[in-house]
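Shared chain: chain A. Partners: chain B in the first complex, chain C in the second.
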Partner chain A sequence: MKPGRTLPYALVSPALALFALMVLLPLALTALLSFQRFSYDTGVQDGFTLSTYANMLGDSYYWEVFGRTAWIALLTTLLCVLIGAPEAYILSRMGAPWRSIFLLVILAPLLVSVVVRAFGWGLVLGPTGFVNQFLEWVGIGRVRMLYTPIAVVVALVHVMLPFMVIPVWTSLQKLDPQVENAALSLGASRFTVWRRVVLPQVTPGLLSGGLIVFALSASALAIPGLLGGRRIKMVATLIYDEYLHELNWPLGAAIALALLVVNLAVMLATNAVLEGNYRKRMG
Partner chain B sequence: MSFLVLEGLSKSYGDVHALIDMNLAVERGEFVGLLGPSGCGKTTTLQALAGFVQATRGRIVLDGRDITDVPPNQRGLGIVFQSYALFPHMTVAQNVAFGLEMRQVSRSERERRVGRMLELVHLDELAARYPRELSGGQRQRVAVARALVIEPPMLLLDEPLSNLDAKLREAMQFELRRIQRKLGTTTLMVTHDQAEALSISDRVVVMHAGRVQQIDAPHRLYEHPQSRFISSFVGKTNLLRATVRGGQLELAPGLRVPLGNSGGAHAAEGSVVTVCLRPEKLAFADGAEGRLAVRVEERFFLGSQWLYRVSSALGELEVSCANDGRPPHPEQATAQLTWPDDVARVLPPEPDA
Partner chain C sequence: MKNGPLSLLFHSLVVAFMLAPLVVVCLVAFTPTDTLQVPWGDYSLRWFRAVFAHGDMVQSFWNSLGVALVAATLAVLLAIPAGLAIARLDFPGRQALNGLLMSPLIVPHLVLGVAMLRLFALLGVRGSSMWLTLAHVVIITPYALRLMVSALAGSDRSIEQAAQSLGASRWTTFRRITLPLMLPGITGGWMLAFINSFDEVTMSIFITSPQTVTLPVRMYMLATESIDPMLAAVSALIVGLTAAVMLLLDRLYGLDKVLVGQQ
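Presenting the complex of A and B:
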């Protein structure tokens, strides 16, 4: 056999082995688990059944949790776009020392554990936290935020923002600054320049950022667990409960796979839009 | 009053003076080249004219209207950028139509004008392509079409040909000039390439270190440079020292040329002046008695001509001769140089040199 043929395979094989061992194998085991029988008296049983999936799809409770997860993840993504895109634009326009400083400020939250940040938000949004003290001071009175979707969304946006800023910033870096001047010289207003010239060129960045934020938000565990409490169940916290409290492993596995399928569907759909509209033009 | 007037235009960045007291008057329909090395202030001038840079001092008056403080999107100038700055997400036709769209030109009128403009730059076949599918020369023509379709009072070209290869650059030079003549748009072109500036401009503004050095028609600029800098930046030159004696220039003992046409009439008797002798004005006196004995040090074949580096009593000189088919002078050979009486140019004394 020619060495030129085997060498590439030899070089990728360690990564491939790691991927198979750490991702594909657990995934396959989870899939197998989801088809096994379960009863509260005897635990997990051998055998094959689709009843777990049937029960899950037939129970409105699970639909509700999936629905809530979807809208919380969507809202988080939307807010990240609204905050992150202008943030990235401002960042790309900054001068030499400030750009690095603010980039660090944006990335800094990633250096702090999600658990710590979740407790931090708990303090800020709690009944006697800063926000409520302020609301009382201006005369609105206390608002219940902790253990509501508000707290979850606020904390998720905070955690996810860097994942939106970085791809958008990267696509802004590729922009020729003269292109904006060209649009101005042709009579476009600043807003029109942004809408017609800058935005279309950073859309691939927005889409990939949105994809990352959505996928991570939809499968987030710590933040909904700590700030959503027992009431605001999201899919990941539900899986956690099934595995560790109910000990219904097959159900937990089935929900996990359902989440994977939904996330995958969203990703492939977004990618199709990206391929169709932008690859051709932007290369 | 001229069509475009720059009055005492200056731009400073802190202590750095990018542009110092620029005065320029451009007539309607004129093609003016702004020529200079990088950092000479030519780009700053263009940016101030376009409105992307706010001048520190001075005024810009276009067609009788003071536009010094008008924002760039209300100046209505057509600009061709060095990078072309095409909109990568729009087709050629959409790129060209953008300026008309901003002016709320109706769709049918827009299509008509875009079509006519693309025809003018020979791109009508490629209207539906995206910029990344075009060659450098084609992108450049899209940029020109996009700037001209809005029928701007003035066209600004920022190093428009610097990203093209040599062959294409030459073709585009004449193409630009043809389009400009046809439409009669007053044009200002910034360039660092002297050949480009000389070949297509009506007048050339030479800039150096933020200041205007000379404003003249291309051949006058070449034949009568007003400073050392221009004589060496525009074309090649041999700079010599000479002493004014009895109405003649003495380059060396026994070597004199008439002062007559040299532009040194004002020079006082006995003063030392700098003289510029263009390499192509010098010739080998084959057989005949020449003015100066030289020895050929090196020679370079440039196709249409030979470039010689020779040593002489006046120091090292450059001589260029048309390649007329005769065998060239070999290296290390001795020869006699000659030149007509009226080709030496006396440069004015440098203010602070």
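Presenting the complex of A and C:
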């Protein structure tokens, strides 16, 4: 096929036009909005000001919310690594019918609305839910989990786990089981095989999975909104309140851009590590 | 290598963890009482009847269905030519364009939501279902595009070259060779796009109006106000609907391929 020089652009132009209008333009408008003045009496005004950012950086409340969001997202990522990586490994070693059945069981919740899953965790972790009934039965007594970070982290891990299993599973597919067998037959312990053969193979998968999990957890809205309540304020619920309750759009825009910048920075840093890792292994 | 008993125990716990909230929601939906309890012995369909009697909820379901049907179709119509260009042609700006079309996977939906709220406010189109649908097209196009590109990347290019060397025009080659090769990507991409649009809440919550509220947004707003078993019944219906679409997707395309991506 020898296409004309304009053919590719003609093919992509409808999608490009939509994305320019609905992604690039709105993001630019939001960036502008974050520099506009605001007062509770007159709303958004014209003019340029840095005061929104200055107030945000100077107020410990925003640091606290960003800090809480960061540790909840990091804890979620860590738990997803600790649960998702071994689970992907176990799945990859299963026999023919079970492997795809259980892969579906792990991945299928991905397709169910996050609101349904958050609501489900509300029922499981609530004061009369299964977990508390069990705790009472073993004599520990009820524990308040709803509207605490516990419920938020548990539900986030549930929602994010498939995003960790998928890339680890993908990198395990490229691992030849004969290499493991060779290492074992040459006298390596199972732990050594795992550390020297399996782990290096899945490291790129772990990093890219961890990246997705962290980015999505840090910007999740429905789960902290439904399971965190008013007290466990995270960046996403803060932005929601500024836009839809306080109606202070410039402040909401500034927080949203800060979230976007932090997310992109984490992604670029992880990508750099990933590529460096790849180059090193390629020699 | 076989999994040891410890591995299998770990695996069972993970499976239980993944299924627990969905199973509990479906059980609670059948409670005959007013409380959010798993019913023991007594079952009732009263909360399902309550869902269908709840006018706003039914309206939101139709809103979601309409938006998802139109948005998924538009996303596929955009992704076919774009995927063709990205997978088959080499042109300056190809990488940048791919990055832009994939960006809704990287830019948080929350940020897209507030950004579109600003755009819609300036254009004076807040509450328009057409603009809501276009916003959905943006966030589901990456899913359709990814399947389209992987369907093309996995197919043999020499068939197209053979067709052209035998005198087929470029349009005939596309219609008779390339399009059939893309078909799994088109059906799988449409369904994945449909589900993602139907489930979307984080962006939609900013850009829906009382007339255009979609089902997940309606559920979110109800759940933050008061919680009764009716929400469990709606959730159970959504779980059932998703399972049905999932089985269809699995039969037609292989769900692991759709979700994990073609290798």
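Just so we're on the same page, the second predicted complex is superposed on the first by the 275 of 283 C-alpha atoms of A that agree within 3 Å, B and C clash if a C-alpha of one lies under 4 Å from a C-alpha of the other, contacts with A are read in each partner's own complex, and residues count from 1 in each chain.
Criterion: a residue touches a chain if its C-beta (ideal position, glycine included) is under 8 Å from a C-beta of that chain, and two chains touch if they have at least 3 such contacts.
Just so it is clear, the model here is predicted, and its values are computed rather than measured.
**Q** Using the superposition on chain A, decide if chain B and chain C clash or fit.
**A** Aligned on chain A, chain C fits beside chain B.
**Q** In the overlay, answer first, second, both or neither for which of chain B and chain C A:L186 touches.
**A** The first partner, chain B, only.
**Q** Of chain B and chain C, which one touches more of chain A's residues?
**A** C
**Q** Taking the superposition on A as described, I'd like to know which of chain B and chain C A:G47 touches: first, second, both or neither.
**A** So A:G47 meets neither chain B nor chain C here.
**Q** With the two complexes superposed on chain A, say which partner A:P97 touches: chain B (first), chain C (second), both, or neither.
**A** neither
**Q** In the overlaid three-chain picture, which partner chain does A:V124 touch, first (chain B) or second (chain C), both, or neither?
**A** second
**Q** Angle at chain A, chain B to chain C, CA centres, as a multiple of 10°?
**A** The angle comes out at 80 degrees.
**Q** Where does A:G139 make contact in the superposed view: on chain B (first), on chain C (second), on both, or on neither?
**A** neither
**Q** Just the number, please: smallest Cα separation between chain B and chain C in the overlaid arrangement, in Å.
**A** 9
**Q** Name the residues of chain A shared by its contacts with chain B and its contacts with chain C.
**A** Touching chain B in the first complex and chain C in the second, residues 181 of chain A appear in both lists.
**Q** Which chain A residues qualify as touching chain C in the complex?
**A** 1, 3, 5, 7-12, 14-16, 18-19, 22-27, 29-30, 33, 83, 86-87, 90-91, 93-94, 100, 102-124, 126, 128-130, 155, 158, 161-162, 166, 169-170, 173, 177, 180-181, 215-216, 218-222, 225-226, 236, 239-240, 243-244, 249, 252-253, 256-257, 259-260, 263-264, 267
**Q** Taking the touch rule as given, give the residues of chain A at its contact with chain B in the complex, in rising order.
**A** Residue list for chain A touching chain B: 176, 178-179, 181-190, 192, 196-197, 200-201, 280-283.
**Q** Given the complex with chain A, which residues does chain B contribute to the contact?
**A** It is residues 50-52, 72-79, 81-83, 85-89, 98-99, 102-103, 130, 132, 146-147, 150 of chain B that touch chain A.
**Q** Could you pull out which chain C residues touch chain A in their complex?
**A** Interface residues on chain C, with respect to chain A: 1-3, 7-8, 10-11, 14-15, 17-22, 24-25, 28, 35-38, 77-79, 81-82, 84-86, 88-89, 91, 94, 97, 100-101, 103-104, 106-112, 114-119, 122, 134-135, 137-138, 141, 145, 160-161, 164, 170, 173, 195, 198-199, 201-202, 205-206, 215-216, 219-220, 223-224, 227, 231-232, 235, 238-239, 242-243, 245-246, 250, 255-256, 259-261, 263.
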